[in-house]
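Here it is, the structure in full.
In this document, chain identifiers A, B, C, D, E and F correspond to the written order of the chains, with residue numbering beginning at 1 in each.
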Amino acid sequence: MVKHLTDFSMDEEFETYVLIKSADKRVAKNGKSFLSIVFQDRSGQIPGMFWDVSEQDAQQFIPGRVVYLKGKRESYKEMPQIKIYEMRLARTDEPHDPLMFVKRAPMTSQEMKDYINQTIFEITNATYNRIVRALLNRHAKSFFSYPAAKSNHHDFAGGLAFHTISILRLAHSVVQQYSGINAPLLYAGALLHDLGKTVELSGPVGTEYTLAGNLLGHLSIIDAEIVEAADKLGIDGQNEDLLLLRHMVLSHHGLLEYGSPERPKLLEAEILHELDEMDASIMMIQNALAKVKPGEYSDRIFGLDNRRFYKPHSVDQSHDDGQDPSRLF
Amino acid sequence: MVKHLTDFSMDEEFETYVLIKSADKRVAKNGKSFLSIVFQDRSGQIPGMFWDVSEQDAQQFIPGRVVYLKGKRESYKEMPQIKIYEMRLARTDEPHDPLMFVKRAPMTSQEMKDYINQTIFEITNATYNRIVRALLNRHAKSFFSYPAAKSNHHDFAGGLAFHTISILRLAHSVVQQYSGINAPLLYAGALLHDLGKTVELSGPVGTEYTLAGNLLGHLSIIDAEIVEAADKLGIDGQNEDLLLLRHMVLSHHGLLEYGSPERPKLLEAEILHELDEMDASIMMIQNALAKVKPGEYSDRIFGLDNRRFYKPHSVDQSHDDGQDPSRLF
Amino acid sequence: MVKHLTDFSMDEEFETYVLIKSADKRVAKNGKSFLSIVFQDRSGQIPGMFWDVSEQDAQQFIPGRVVYLKGKRESYKEMPQIKIYEMRLARTDEPHDPLMFVKRAPMTSQEMKDYINQTIFEITNATYNRIVRALLNRHAKSFFSYPAAKSNHHDFAGGLAFHTISILRLAHSVVQQYSGINAPLLYAGALLHDLGKTVELSGPVGTEYTLAGNLLGHLSIIDAEIVEAADKLGIDGQNEDLLLLRHMVLSHHGLLEYGSPERPKLLEAEILHELDEMDASIMMIQNALAKVKPGEYSDRIFGLDNRRFYKPHSVDQSHDDGQDPSRLF
Amino acid sequence: MVKHLTDFSMDEEFETYVLIKSADKRVAKNGKSFLSIVFQDRSGQIPGMFWDVSEQDAQQFIPGRVVYLKGKRESYKEMPQIKIYEMRLARTDEPHDPLMFVKRAPMTSQEMKDYINQTIFEITNATYNRIVRALLNRHAKSFFSYPAAKSNHHDFAGGLAFHTISILRLAHSVVQQYSGINAPLLYAGALLHDLGKTVELSGPVGTEYTLAGNLLGHLSIIDAEIVEAADKLGIDGQNEDLLLLRHMVLSHHGLLEYGSPERPKLLEAEILHELDEMDASIMMIQNALAKVKPGEYSDRIFGLDNRRFYKPHSVDQSHDDGQDPSRLF
Amino acid sequence: MVKHLTDFSMDEEFETYVLIKSADKRVAKNGKSFLSIVFQDRSGQIPGMFWDVSEQDAQQFIPGRVVYLKGKRESYKEMPQIKIYEMRLARTDEPHDPLMFVKRAPMTSQEMKDYINQTIFEITNATYNRIVRALLNRHAKSFFSYPAAKSNHHDFAGGLAFHTISILRLAHSVVQQYSGINAPLLYAGALLHDLGKTVELSGPVGTEYTLAGNLLGHLSIIDAEIVEAADKLGIDGQNEDLLLLRHMVLSHHGLLEYGSPERPKLLEAEILHELDEMDASIMMIQNALAKVKPGEYSDRIFGLDNRRFYKPHSVDQSHDDGQDPSRLF
Amino acid sequence: MVKHLTDFSMDEEFETYVLIKSADKRVAKNGKSFLSIVFQDRSGQIPGMFWDVSEQDAQQFIPGRVVYLKGKRESYKEMPQIKIYEMRLARTDEPHDPLMFVKRAPMTSQEMKDYINQTIFEITNATYNRIVRALLNRHAKSFFSYPAAKSNHHDFAGGLAFHTISILRLAHSVVQQYSGINAPLLYAGALLHDLGKTVELSGPVGTEYTLAGNLLGHLSIIDAEIVEAADKLGIDGQNEDLLLLRHMVLSHHGLLEYGSPERPKLLEAEILHELDEMDASIMMIQNALAKVKPGEYSDRIFGLDNRRFYKPHSVDQSHDDGQDPSRLF
């Protein structure tokens, strides 16, 4: 089996193909120039320094390029690092498509589209249905390719749609368990809640905040688009359904301190907020735990108040207590 | 159909049977004594004043007694109030069982026991299974009759078990949706998380905090019982499974400010905390909205940062936008 | 000179015309019905109780009606109160226009319009100018008649426009004093910053929050209208000037905790926020101090963290220190 | 035109005169000693390392000395840095006055004195006037040469007086706009509010906190001096004017958390606090934006909660929207 | 034995002498005037209403007067209240000295003076000693008669001196236990830390905040007096000892939020702050517990974050565990 | 006299014996391996780098080993550092016992045991006495050898017992000064309050948090042990004395934010919390000040909100003010 970037053990030498995620030219204390590069494939990222860099090197080894890399896995300040023996651009007869080296959502684009389509049929309120269709249509391409965040959770290609679908699944469970929930409102809110990120973020690769993202935030961005869409669909600006839908989006961060201009004032808005939080938490914790061994603590998770999480040793699931598994009550 | 206590309209005169929830003897500014009573049936509560109270009246009209009540529904300081025409203890040939007038969980005790039994079979880890059985056994009677809180959410007979089951249901959905969750730990934690309330609270009626509840809180109460039970079951005090289970219970309030001595440091602990919060939120909002009419705002909900929630006018679910319900993607 | 409602001294008997601000029918402990009324004229408000209320009384003595009132100024729980001797609706040959009894801005509507017009000429940036014109036009009537808040500051007819003008005046001083400020952006932001209140609030009389106000807040309301207006004016949604203007509006509460989804990230946005705060503070303090005598403390001011303010005894401005008023430096 | 320190472009070689702001002797990993120097002129600061440092070098290249510097502008860890080719002390026939290399207030000392003098004439209350004169006299030299802060805002020679004057100017606008403000109190408070910094800080160069500054803070320092001065001027300690003036100074940080032992309880104290904050904010933002190009974000500003500010691309001020600039209202 | 005001049981009739603590004339809903009086003796306070009040009654029954009172102990809204049968001013041949009815410190004035004198001898640093003598001399009368607070803790005549002595006692224990503490500084700081309350508060009876108290607070009041005293004693303003002593006083509230302009930066200042807090806490808790019976909770204590405290049933101190009281280690 | 590790001055060459506190193998930028070591003796710690490290070196130079060290005291990034000339393991005929190089409590183990024994006799309540004996017995060895914290305060061998004794001493003073304190409860609480640290921490050397420590915290650890011990001693779980003792332990951090699941609700619990805080504060400040010279500020102290403390120049204790040391009052 092919080894990936993070599979090599300490001091192991290797040859492989990787994507350049970032590359900065710097000067060492001794005056020599070098490229500080971060390499990436679907297994993760590791930095390395490329010394004696020529002008041509600096121009060709740029973010987004796939390279053939020969080197050794070392360590610097207790973090993994690659000592570079040889590096050149990948040829067209070699693996050279950047998308092959980027993490992707665990569902295919088509599976995600199917799920979304199915949910839209359940949005039986005309106002919500039409607005959701209009806006998903407008941002479809970005919606299925963007990450859900610059870093933190669901920070992979397709992460935005996948995070939306995770929330929709939980929402279906909640609708089943509790009576009296306005399901179309909840689903419509879930579908639109993070759609503004297609404008807030620059794209699936080298993701940065746009000017609109920095000055407005994704809540206000999509809120204004909902109004615009409603206007074009001939829906009155004071229509209660429209106000409810805007509230779902504007309040989904839950607290003013987290950027929601209003706290949830609808049952469905409170539910959306809590499901959003839960899906993001689970994803962040699972990502962090995936990087450590049983019996260890994860790195601090910024999005969870810098908590570390513990990975237990073994998950013994056998049932051997000798007790008769008879009913308790 | 029989009208209940909160069904009578303004100025309506009535005869009915109700439970005395509380009764305090007071003196009015003009020097006369009266009983300030709160009447209750399953529809809710309304206060009333009983004037010219004799010593005998004060002794017989006490909390927990069912009375025949003849009066008029009035209003005082914008709150409903009953003007009492006549009041006497209910006779044994009349409705007189206090439990008939108290709200109950929407599942029967047996249904709840069945669900719990079933879940225990899914706790395939022997350590968790044995501890859970031991403690549920010890507190079984209280567990199925206590409320989940003095006020706030699930404050009805059987509320503690019902709240536990609601969390278990959500937990099953989460386990299905996300891989890699330690289901036995999550279920065991959910079953025990509020069990300390059987010691923290005084009982299903006239619920107050006990001294142990006030000085220790239900987290520390059940934590110590887990250790005691493990000790008797011969489980070592430093057994990792035991430590994990204790952590589930101790951390389930999520924040130190909410009384958890440790924040969640396990994926399952974080999930339990979030499910606990979500179930409580939904129940509190639904209760509050049930008391108001469409287009109105609920009272402030203490357990949700004093927010008011809005009850929309109509939940139109028809799908008549003329658009062909074809797939979007 | 005619005495106003708050001019009467303790125990003084009087006849006058006043506006009914609010009137609630209640039942006293002794079972009798009465109307709890708040009377109002431009001098302030005083409550009174109208006893032995007939059905007809309850129907005619409603908010918004002007009445002839004969009574005595008394005190209840240390607050002024009116003992009502006689009350009837004002006839058409008596003062009976409600607007005569409501506080108004210290500028006439025309003076305010002139000032706004003049400022618009100074908005020399086409994007800002066109959007400001479009939105002020749409909401002109409300803009010049609404208060700036339900209570707190500028809670009088015309208060919204007057508050806006106060900020513009301070903004002109700031632009003069500091070089490099984008004046058109600052003025446009000031003109629009609270315009959403024309939708958030119900009107100049008996002001309440609308549903849109409660669910969205005036920041998001006007933000979406800016986008809609820009769309109709053919201004591109990603135009930098448009984004800056939206940011001015969205960030003007300064802190996320105060409902701004973004904190100010432009020099002009920070200035707008601080001027807004300063004008509101001065107005609240001056209102509170106007009600007390020198040497006393004002009531607690809710909008200023419940602080009380002190009114000094005398403001001696004579210069009699015997020192020669020669230059110091 | 002469280029300044921060004008040189990447890799540019240069000769110039600069001030040594700080110089620390350190040992590199390879064991060699070097001086880590920060060079400064009125354009800003850049660090550089001076290698192979002799004992004599270490004694002559100290903070406050002007040097002839020959070197190249490079970059280290993405920050500008100077590679030193040659360095020696400036001779007396070369630029060698340290004050030539330090930033100064944009007004001359005389202009500032004139403005202060004029304002003192407007302090028509004898108590305020005499105390202000006494204390400005005592600290005159420091007042016109000190910075207003160790870093943050107005951190240049003369910054303290300039910051005071900026507040006075804004205060004049406020006095003009709002009636009923006690102008002499406001001006006297503004003049004294930061005067304690002449004791709190060590001086205009290499500014540090003094022991008194660290243990007492500039509010308590000047407060005690006001009392001492009043005592010598024969003003009674309980004189209301004196108490008001002390309150102006003690409360001007606005919040207890910011070191004011009392929050503002006078209209004038609240105004002073807000003007102080506004002037500091504008200055900090303008300084931060001056260092970046249009379309970029400033560094985080510590004194403004670590916010970054955005510098827009172009400030188009032409009025070409084709619309007739007729009156709107 | 003579019964005191709070000794009478429910419905008990009595005759006694009491002090009028406060008396407000009010109008009942039925239009009749009455005096709302609070009666007081050393056992505590109880309110009562005096009906059919004449003009003469209103003039003679004022705060500070001792009255003969005949009445019954009743209850209103669950709080004790007195039904007044008869009331007249006490004659000169009856108990009529107000000071007999006010709580006092548990030490006599002379005992407190002796303790203070003794401590001053231990302040062997001349700077501290001279300043302490000067200020205690100036405020001696108030220092030994004022309470330590308007309400909260030590709110009795002589409370200020007694609280100071309690801290000094604890300080002596700390000095004995830990080496290296600057005892003279600690004692001097303790002696002066609350001395400003003699200016902040109006007096031992009917204690209110003065204007100086409201605008400056007792920390700044005494700080300025220290400087003034030092100035007259010829101690230089920058003398380190003087700065340390000022810091002790200014920082003793511990947190900026509690009104200290600086947090403690000296070991002795931190100790003073903690001792101050501990003595106040113990006094507040003991006062609150004195009012309830074993097994009950106290009222909420404002100065301790509104906590209630529990009074245990019995304090069994017998040693009967059958175990031999041999050494453990 | 023998010089210790931190006694050597800059650039001084030396030979000595020291303990290796930590040793990590790293790779320098130039690719060479080195050991980053921290050396320690009772005077403190200093790091050093050991270059050209062989496999054998890495295996023998590990934490806990005593080495002969020849080197020079240098400085790196303004922190002291050792340049290593020669290093080898200490022989058995040289100083080689690790305990000789670790800081210890200022009392011997026997002195501490004597003090504890004596205090236990004063715990005259049988319930407290028996539980305290049982738990101290169980953890005796750790109790007298563990530090009281991983870092912060009392982080030396025996620190846990010494910290407990310091609190007991202060508690004795408090009991003497204030009447009505339940001394046996206070002493028992003090003895047990931190005993859970014997399970929370890994040991006196290379102290880390254990899994139980991380997941439960020392409060819950000892709380559960108290319950277990009481169970075995036949003390009923709802015995009031038992609940009080558990509350002492659970509430001793004072605030929920600091990990106490309940805030103190007993007078003795509040006292224990404040004494705990005071002893820790004094110890932290004294440690920090011991490292700096008079006139300097300490490093920031993490456990005291990152405050720096000032070390005054001289503590002049002579009494030479010329004033007659006569009584003041």
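Keep in mind that, in the parts below, a contact is a pair of C-beta atoms (placed from the backbone, for glycine too) under 8 Å apart; a residue touches a chain by one contact, two chains touch by 3 or more.
Chain-to-protein mapping (UniProt): A, B, C, D, E, F = 3'-5' exoribonuclease YhaM family protein.
Because the structure is a prediction, the values reported are computed rather than measured.
**Student:** Looking at the contacts, which chains touch chain A and chain D alike?
**Tutor:** Touching chain A as well as chain D, we find C, F.
**Student:** Looking at the contacts, which chains touch chain A and chain B alike?
**Tutor:** C, F
**Student:** As a test of understanding: of all chains, whose mean C-alpha position lies farthest from that of chain D?
**Tutor:** B
**Student:** Among the chains, which has its CA centre at the largest distance from chain C's?
**Tutor:** F
**Student:** For A-D, which listed pair, B-E, B-F or A-B, repeats its interface with over half of the contact pairs the same?
**Tutor:** Repeat of the A-D interface: B-E.
**Student:** Give, as an integer number of Å, the spacing between the C-alpha centres of chain F and chain C.
**Tutor:** 60
**Student:** Taking the mean of the CA coordinates per chain, how far is chain B from chain C in Å?
**Tutor:** The separation of the two C-alpha centroids amounts to 44 Å.
**Student:** Counting in whole Å, what is the centre-to-centre distance of chain C and chain D, each centre being its mean C-alpha position?
**Tutor:** Chain C and chain D have C-alpha centres separated by 38 Å.
**Student:** Name the residues of chain B that each touch 2 or more other chains.
**Tutor:** In chain B, the residues touching two or more other chains are 211, 214-215, 240, 244, 265-266, 297, 310.
**Student:** Considering only which chains touch which, how would you classify the arrangement: line, ring, star, complete or other?
**Tutor:** Per interface graph, the chains form some other shape.
**Student:** Of all possible chain pairs, which ones touch?
**Tutor:** All chain pairs meeting the touch criterion are A-B, A-C, A-D, A-F, B-C, B-E, B-F, C-D, C-E, D-E, D-F, E-F.
**Student:** Along chain B, where are the residues that touch chain A in the complex?
**Tutor:** Result: residues 113-114, 116-117, 120-121, 124-126, 129-130, 133, 136-137, 140, 166, 169-170, 173-174, 177-178, 180, 182, 184-185, 240-241, 244, 263-267, 270-271, 274-275, 277-278, 281-282, 285-286, 289, 297, 304-305, 307-310, 312-313, 315-321, 323, 325, 327-329 of chain B touch chain A.
**Student:** Taking the touch rule as given, give the residues of chain B at its contact with chain C in the complex, in rising order.
**Tutor:** Result: residues 28, 74-78, 83, 297, 310 of chain B touch chain C.
**Student:** Write out the stretch or stretches of chain A touching chain C in their complex.
**Tutor:** 211-212, 214-217, 219-220, 223-228, 231, 238, 240, 243-244, 246-247, 250, 256-262, 265-266
**Student:** Under the stated contact criterion, what part of chain E meets chain C in this complex?
**Tutor:** Those residues of chain E that touch chain C are 24, 26-27, 29, 31, 211, 214-215.
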